[in-house]
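I'd like to ask some things about the structure below.
A, B, C, D, E and F label the chains in the order they appear, each numbered from 1.
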Amino acid sequence: MIALLVRDLRLAVRAGGGFGLGLAFFLIVTTLVPFGVGPEGGILARIAPGILWLGALLACLLSLDRIFALDWEDGSLDLLATAPVPMEAVVAMKAASHWLTTGLPLTLAAPVFGILLNLPAEGFTWLTLSLALGTPALSMIGAFGAALTVGLKRGGLLLSLLVLPLYVPTLIYGAEAARRGAEELSASTPLLLLVGITFATIALLPFAAAAAIRVNLR
Amino acid sequence: MVELGKYAGTVLGAYGATVVLLVGLVAITLWRGKRVRRALEAQEKRMARNG
Amino acid sequence: MSNPPSHALPVESGPMDLIVTDLAVARGGIPVLEGVGFTLTAGRALILRGPNGIGKTTLLRTIAGLQPPLSGKISAPAEAIAYAAHADGLKATLTVTENLRFWAAIYGTGDITPALSAMNLLGLANRPAQALSAGQKRRLGLARLLVTGRPLWLLDEPTVSLDTDSVALFGQAVAGHLARGGAALIATHIELGLPSTEVLDLSPHRARADAPAPGGFDEAFA
Amino acid sequence: MSIWEYANPKKFMETSDRVLPWVAVLTALTLVTGLVWGFFFTPEDYKQGSTVKIIFIHVPAAMMAINAWAMMLVTSLIWIVRRHHVSALAAKAAAPVGVTMTLIALFTGAIWGQPMWGTWWAWDPRLTSFLILFLFYLGYIALWEAVENPDTAADLTSVLCLVGSVFAILSRYAVNFWNQGLHQGASLSLDAEENISDAYWYPLLLCMAGFVLLFLTLVLVRTRTEIRARRLKALEARERMA
Amino acid sequence: MIALLVRDLRLAVRAGGGFGLGLAFFLIVTTLVPFGVGPEGGILARIAPGILWLGALLACLLSLDRIFALDWEDGSLDLLATAPVPMEAVVAMKAASHWLTTGLPLTLAAPVFGILLNLPAEGFTWLTLSLALGTPALSMIGAFGAALTVGLKRGGLLLSLLVLPLYVPTLIYGAEAARRGAEELSASTPLLLLVGITFATIALLPFAAAAAIRVNLR
Amino acid sequence: MSNPPSHALPVESGPMDLIVTDLAVARGGIPVLEGVGFTLTAGRALILRGPNGIGKTTLLRTIAGLQPPLSGKISAPAEAIAYAAHADGLKATLTVTENLRFWAAIYGTGDITPALSAMNLLGLANRPAQALSAGQKRRLGLARLLVTGRPLWLLDEPTVSLDTDSVALFGQAVAGHLARGGAALIATHIELGLPSTEVLDLSPHRARADAPAPGGFDEAFA
């Protein structure tokens, strides 16, 4: 089990990918936004929390296909399926390593990007908090989507198409919490709901994902 | 000692950050340089010894 | 999970015959083979023969439990099967050792050096898999079998792109496995020259596409 | 003998080995005197107060950030045209230094902006184009890291550097078009008359010289390291083949 | 040559991918934005052009890795390289088919999504125009990035890291044109600059991309 | 571009000897083979032999022009080479016919049915490639060669995962190609039983790794 986690982390690092790139993408999205919507600080500040959450979400999204696709292509998914490890555990581990290489760095870096979008000072703690609580759900849901689309060549777009609707609740509560924090309102309700979602997904989705994979392997 | 006035934090912060970054860069450069040199010497010795 | 004694290339003991009776398998919804039946006992190897597309891979995948059979039954001891497919499941960026270690860890077996030496990979031990040639990759894929410590091997064209020496090497590996009381079910097109093998030709078992009962829509829609 | 002789690794290692100590010492002297002069012995500006002192790191860093990329561009071209490994490796060695310079310019600028403009960051053209430059550096370094085979990496990064330079310039104009900012224009011209007063001008020059030398030293050291690493890789490969 | 274009289009359609998915992603991004930044119509209208351009850009981005990666994996890129067609032409065709399956549908659909973000009525024509003129550049630049990263497993994130800075000028002029159009200012200057960039990229990048591919194939 | 007459399996005429002299090739920056030299004339086939990892694939890729040689020279007629790699370059979602048509169009040759029948694929003509078995895929990959209309074939382990009948089929195809004045350079580990073939064993050409001069940094860094 741990062996799987270690292997995936090692692969992520080897591939020169993992940690750095997710961050870089996040950075770039946040820098592109002003080019799109214009440089006025006021507007940027208003939309900052939402944009940052969107950026994190997309950074997750882009790295999703890595979760299973590679293992499928080189056949190791077949072999894992015949190995003495429950597929549920495999899924959980995969999601975990995805979070460690994407969600976690994003959470830690978010405040810096907050500055770029002149996010009001109050917002920072809440933003970080909501990301820390929300991104695990993103990874888990993403793993589920990846499981559904594994084996379809170039699942990429289909994957994001499937996953994005599932991301909506997480995004809403997460961004809401961050925004309320930035506007100095109480952000506890959305945060609680966020935590709820996260735990629910982590508890249930591995089974669904494992089932999907078994079907796809037939 | 210089008198920085009310901007002391700003100026010191700027210089501090710079010094940290530069020292870090130099340190990394030297460290990696030494490591690679060691490795190369070892490798050359080994290969000189056995063919 | 099985934790075999850690002497080289461990193999579980216990009654481990693979008994397949009147098996029918389908691929992509199309019946491919039917009426396949055989018994594979410890210490013996069974060679699957048959023209391309007869259904060897499908059969092996079914026995490995990757896809359900159409009908018939497969009785194999639990946790006894190690499957080696057309693809080797190697990670291009990991070294030979790391690749093997991983599988050893997954199967909870110990030391990988016997496998490395058995497949003559010691020289390549810390070369990334992407820097291997076709045959070297294949050898690594076979070394994987040795670290599973599973008694029952399902091999799908294991000797693809191996040179003659490597084929011999592989033959020895299988022979050793049989000698230690293992068993092997091998789909191949070439001669392996193994001891104590039967051969099962699948050609007679090709599924007849018999005309559907007119107007009769049964479960299988045919 | 042509200057290309120095593009031979062996020759380069010998020469750099000889000059490096001197350059290093010179760097230390210039940089230290420049910064000390700038930090301790410059008057306060009437409106910017003591924050003017930041200029002594901010401007040289900004300058070097740009020049480092220029140097990478040249070396990449040399690699593409004449296939001298050293110049490719020099480009690789320069990138991290350039990125650090960019970061310094960004940091000091941001810190400076807090009192001057009342904000850490504004989407001012110059700031923005520096951010973009930073992104280009990141991509360049990431590509070097990602590719296994050193020659392939050299070729790909060179192509990226060329195309990237063009787009960097395009972006600069685009950004100017997009937003006219609050950053002071280039006020450094050769004659110091219609310019910031000599009191700042001379230490600034000294700091600039210091930063140039620092860049030179670091790139020399790092290039030597890269060459060694490259040779190490080749030797290990041979050992494997044997 | 045409054969290649036809094949790629056919693949895009077969794979259930191509047309539909890019659109869907675009749709979802534009629908997620209000969730992220809050529903106030005023702000939305202000940021609508920029967001739509960003959405189009990201939709392009997600499908970039498909341009060469698949052909690399199954070895057909090797075979194309030894075939009697110049690699430059291959690149151009690939970019073209990418645009036909991504940029074009996005352009045609953009007005619809404009409504979702209550884009002011004046904006529509300019938005469509700017997208029509800008998206070819996005595809061509993307093809160049894909050529650089082909052969790297999981190029995905690295690809976006390389490509996004290159997208900056296109995005700025495109979004600027759309925004000025929406605010009833003259948008001709940015449009002209946009056209310039598009033509320049189409004229020059195929050579760079082809060179990169040849390097990657050795 | 070559547009041959459209009679079955066309082959260009003209002087088309492949002459390789004192060739040295490298893989991943490491010299692999050196001093390779041979001449391949119309109507003949040359078999490359050698243990796994000796450098057959690398050699073929170099001759195909995919990678530059370290030293030595390759003189081949322009537009004469058709290369078939380990991978077949098939599109999983396209049918057999579509896959072949595409390559025929790229090479500007005409009709594909001769190729289909030669590789006995007519029965599978409009099955998507992903629904083919390993051997059927391989056969399709070989059919590609026939539609290139190129006289000089470079084949990398063409018979991988082919059954005996298919191997025979392939043998006939190559024989026919030679008879029509084509030539073939084939890396393989098994016997093909072709007419008029020489064999080139690469083992003696393995590049020696001689001890580096200490501190010697020439352009090759070793």
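Here, a residue touches a chain if its C-beta (ideal position, glycine included) is under 8 Å from a C-beta of that chain, and two chains touch if they have at least 3 such contacts.
Everything numeric here is computed off the predicted structure, so don't read it as measured data.
Each step here moves to a touching chain, and the least such steps from chain A to chain E number 1.
More C-beta pairs touch across the A-E interface than across any other pair of chains. Farthest from chain C in terms of Cα centroid separation is D. Between chain A and chain B the centroid-to-centroid distance comes to 35 Å (mean Cα coordinates, whole Å).
Centre-to-centre separation of chain B and chain E, using mean CA positions: 41 Å.
Our note on geometry: chain B versus chain F, Cα centroid distance of 52 Å, whole angstroms. Chain D and chain F have centres, each the mean of its CA atoms, that are 48 Å apart.
Shown for chain B are the residues in touch with two or more other chains, namely 44, 47, 51. In chain C, the residues that reach two or more other chains under the touch definition are 86, 92-93.
Residue positions of chain A with contacts to 2 or more other chains are 15-17, 21, 24, 28, 35, 38, 153. Every residue of chain C that touches chain A in the complex is listed here, in rising order: 1-2, 64-68, 79, 81-83, 85-94, 98, 101-103, 105-108, 144, 148.
On chain A, the positions that touch chain D within their shared complex are 15-17, 20-21, 24, 27-28, 31, 34-35, 38-39, 41, 44, 115-116, 118. Within the complex, the chain E residues that touch chain F are 2-4, 7, 10-11, 14-15, 71, 74-85, 217-218.
Taken in their complex, chain E has these residues touching chain D: 144, 148-149, 152, 158, 161-162, 164-166, 168-169, 172-173, 176, 189-190, 193, 197, 205, 208, 211-212, 215-216, 218. The touching residues of chain B, counted against chain D in their complex, run 2-8, 10-11, 13-15, 17-18, 21-22, 24-26, 28-30, 32-33, 36-37, 39-40, 43-44, 46-47, 51.
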